[in-house]
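We call the chains A, B and C, going by the order they appear; numbering starts again at 1 in every chain.
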Amino acid sequence: MAGEMLLDVQNLTVQFRGDAGWTSAVENVSFQVGERECLGLVGESGSGKSVTALSILGLHARRTARIPSGVIAYRGQDILRLPTRALRKLRGGEIAMVFQDPMSTLNPVLTIADQITETLILHQSLSAAAARQQAQRLLDMVRIPDAARRLDEYPHRLSGGMRQRVVIAMAIACRPKLLIADEPTTALDVTIQAQILELLRDLQDELGMSVLLISHDLGVIAEFAHRVMVMYAGRTVETAPVRALFERPVHPYTIGLLAAAPRLELDTDRLPTIAGSIPDPASIVPGCRYSPRCDVALESCRNLPPAMGSAEPGHLARCPPRLAALGFAA
Amino acid sequence: MTLHPLLRRLVRAIPIILIVAVLTFMLMHLLPGDPAAVIAGSDASVEAVDRIRVQLGLDKPVVTQLVLWFVRLAHGDLGTSLVLDQTVLSAVMERLPVTASLSAVALAITVPFGVAFGVLAAYFRGTWIDQGVMMLALLGVSVPSFWIAILSVILFSVTLGWLPSSGYVPMDQGVGQWLAALIQPASVLALFQIGFLARMTRSAMLDVLDQDFIRTARAKGVSEWRTILKHGFRNTLIPVVTVTGIILSLLIGGSVIIEQVFALPGIGRLVVQGILARDYPLVQGVMLLFGITFVVLNLLVDVLYTMVDPRVRNE
Amino acid sequence: MSDVAALPIREFARPRRRFRTLRKLVAHRSFLFGATVMVLLTAAAMAAPLLTHIDPTAMQVRFRLRPPSAAFPFGTDAFGRDVFTRVLYGAKLSLWIGLSVALLSGAGGAAVGVVGAQFRRLDPLLMRVMDALMAFPAILLAIGLGAALGPSPSSVIIALAVAYLPRTARLVRASALVIRELEYVEAARVSGAGNLRIIWKHILPNCMGPLLVQLSFVFAYAILADAALSFLGIGTPPPAPSWGNIVSEGRDYAVEAWWIMLFPGLAISIATLGMNLLGDGLRDVLDPRLKVEG
């Protein structure tokens, strides 16, 4: 990929401790996020999207998770090898995160002001008074009405949408370069979802941030992302510019996802679904992980791990049979 | 019917206090055989037994006695000791400073140590620190306090001669002496609750540390200690306040035994002496006061609870 | 008809599950340790007349205040009684009291809990009475009741059983309230099963796990509380040996004859510790929700 790469993840593998030793939740995942770019990360729950995102901030518990291989380069330096202190400076300062459930991501016993100013005082050494003023500006920025009054309230007084705005205000407080949004709208009402998404997009333009957007909702991805990476059972199965992915999907899993996504213009009663469910990471076939659910799987798919192949510039897929059928050399 | 939560709790405490009063009334009627004869003692004359029967109103039907008991309580009359030349209330008031001092000092030792040990155990989960704290908690419910108290006296008072082995010095005769008299009994008393509080703090802390907002704090770049102390601990306070209330009750209950070992003239010693002297009106009155104290204590914990948790505070 | 169909499944499924529980328990370190301590103590208490030929109350004044030796492993007390013998006989009493209190407070608590859960009209009154009893720390309640009932082992048992009953009652009531809403219990009710049958067939068996855990801790508390009551002079009256009254009698000689109070104190600690560890193991295996994460 041409251009300045803000984040460059190479061959990331993340493992968790289970009853039967360490199992990989994410395996050999590579992707890049450019300046001011939005990369969408798509997959069912359990596909390793959130695990990937948490790795970028080093937020896995050391007792239960490990990263045996891979590089997460942020502006050229490997986050995985960063000393704790330096990592902490990145967190909330350069790289910020918005989580899925605004009901539980805010501390119930601290006021809104406490939670927003904490980041400012920590990373920008602002005085308490200056931080408070800044916090109020941030609440204005995320379009919370009556910001001055909201500052001294506790999270439980706010609605889910308002709380998510507070979480976003916290995240953008220090003008981060990269915003990781992990299912930022999933827990919200449909009408609120659109507002939050619009807010995120405006903020991205305004602040010139790069965004890593994680969602299982293809509609959200289509609206927001420039490029998309599809994950399945801890591996990347397809990555492409957003138009290419929606118009010319290659991997059978992507095709299945697109078919299963509800379209507003279609008035169908029944949505197609993908038969079967995502495999448990501990019990995975040696070959393509999607092969047990796949319509076009060959014998070789089940036994040999498939390689990534190129369909067109910037469009890769991990499905040799489909690539061959479409006339691309695998 | 929308009552303020505190008012609702207050209303709920009233029937409990009434039941406590009935239960303490029943204490004397649980005595096997003729209570008057038991109280008078085995070598008492028939006249002496009859006198006690009339004096305590035991000659009346039980229901009448119960009504009279409540009438007396309504007038603030908790009865009169048979042995001491005193009303129950004045006997208790005289000894209250001792028990209150002992419990307060013990609580002042228990809370900082218990909470600190609990936080440390949670932070160093699975290490020897954690195991040590859990061991202390286990020993706290396995070793008799009176036995440790005696061993402590042998070590600190007899062998080392550091601390007085018994007796109480009122605070107005010097805070230093007051504290010197209390530090040993209070420490022994506290020793048994520190482990319990640490264990409760630890598990509350571990629950909190699993929450999403802790991850948020870490994602903001907050340091690990600050995450634990500011974001974790404040939330842990809510359950810890409740446990501290229970612990204060347990300290007061434990003081009955400890006062005995250290010869502290407190309410616990009053009760035990009353029991041994078969001074049932005294025992009855003191138990009732204890019961009311504990109900009120629970109520206070509820008040404190609402002050710590903004979610309840604002409702 | 449904009962006949259900039978074979019960026959086959039950023992297997029990064996699994047993295996887990045996693999649990603290359970194994606690159980071993308790079995050894019980065996020693039962075999007391074989292990020692001395009468626990026999006074031999010429041997008074002898330090531990081959003849008197734990020394002798102020009356020349053998402390080892007295501690051994005390074990029998303590374990008996612990067991009785556990069983009695378990039965009483289960009764109150189930009645509270099944008969909603009685529930508020019962629970307020339980609240009133629970307002007191158990030891204080036991002291009050023990005082009222007079000093004897049986009044100690009753006093402690009542003192620990409310906690058991609350536990059973809470489990029963959950279980009675379960679908198969609902189904049993719909098909005409009476209250008693539902309590006996469904509710009690399902509370058994947590109840057993609770009672093992009550057993431990009871040993400790009994010792405290005897120490205060409210429990088993001398000269009969109980752990608490041996310590109490040894207290006046604690400096020059430390062994009188040391050994019974150790015995109380070991027995209570053993029972607590056993209870921890039971809790981890039978009631994993409460497992203290390590």
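The rule is short, and it goes like this: a contact is a pair of C-beta atoms (placed from the backbone, for glycine too) under 8 Å apart; a residue touches a chain by one contact, two chains touch by 3 or more.
Given the structure is predicted, the values throughout are model-derived calculations rather than measurements.
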item: Overall pattern in which the protein chains touch one another (line/ring/star/complete/other); value: line
item: A-B or B-C, whichever has more C-beta pairs in contact; value: B-C
item: Centre-to-centre distance between chain C and chain A (centres being mean Cα positions), rounded to whole Å; value: 55
item: Distance from chain B to chain A - Cα centre to Cα centre, in angstrom; value: 53
item: Chain B and chain C, separation of their C-alpha mean positions in angstrom; value: 23
item: Per-residue overlap in chain B, given as positions that touch at least 2 other chains; value: 125-126
item: Touching residues on chain B, where the partner in the complex is chain A; value: 125-126, 211-213, 215-223, 230-231, 234-235, 237-238, 308-311, 314
item: List of chain C residues in touch with chain B within their complex; value: 128-129, 131-133, 135-140, 143-150, 220-221, 224, 227-228, 231-234, 244, 247-248, 251, 254-255, 258, 261, 265, 268-269, 272-273, 276-277, 280, 292-294
item: Residues of chain A defined as touching chain B within the complex; value: 57, 59, 63, 88-93, 96-97, 99, 101, 104-110, 118-119, 122-123, 154, 156-157, 167, 170
item: Sites on chain B touched by chain C in the complex; value: 15-17, 19-20, 23-24, 27-28, 30-32, 38, 125-126, 130, 134, 138-139, 141-147, 150-151, 153-154, 158, 199, 203, 206, 249-250, 252-254, 256-257, 260-261, 271-272, 274-276, 280, 283, 287, 290-291, 294-295, 298
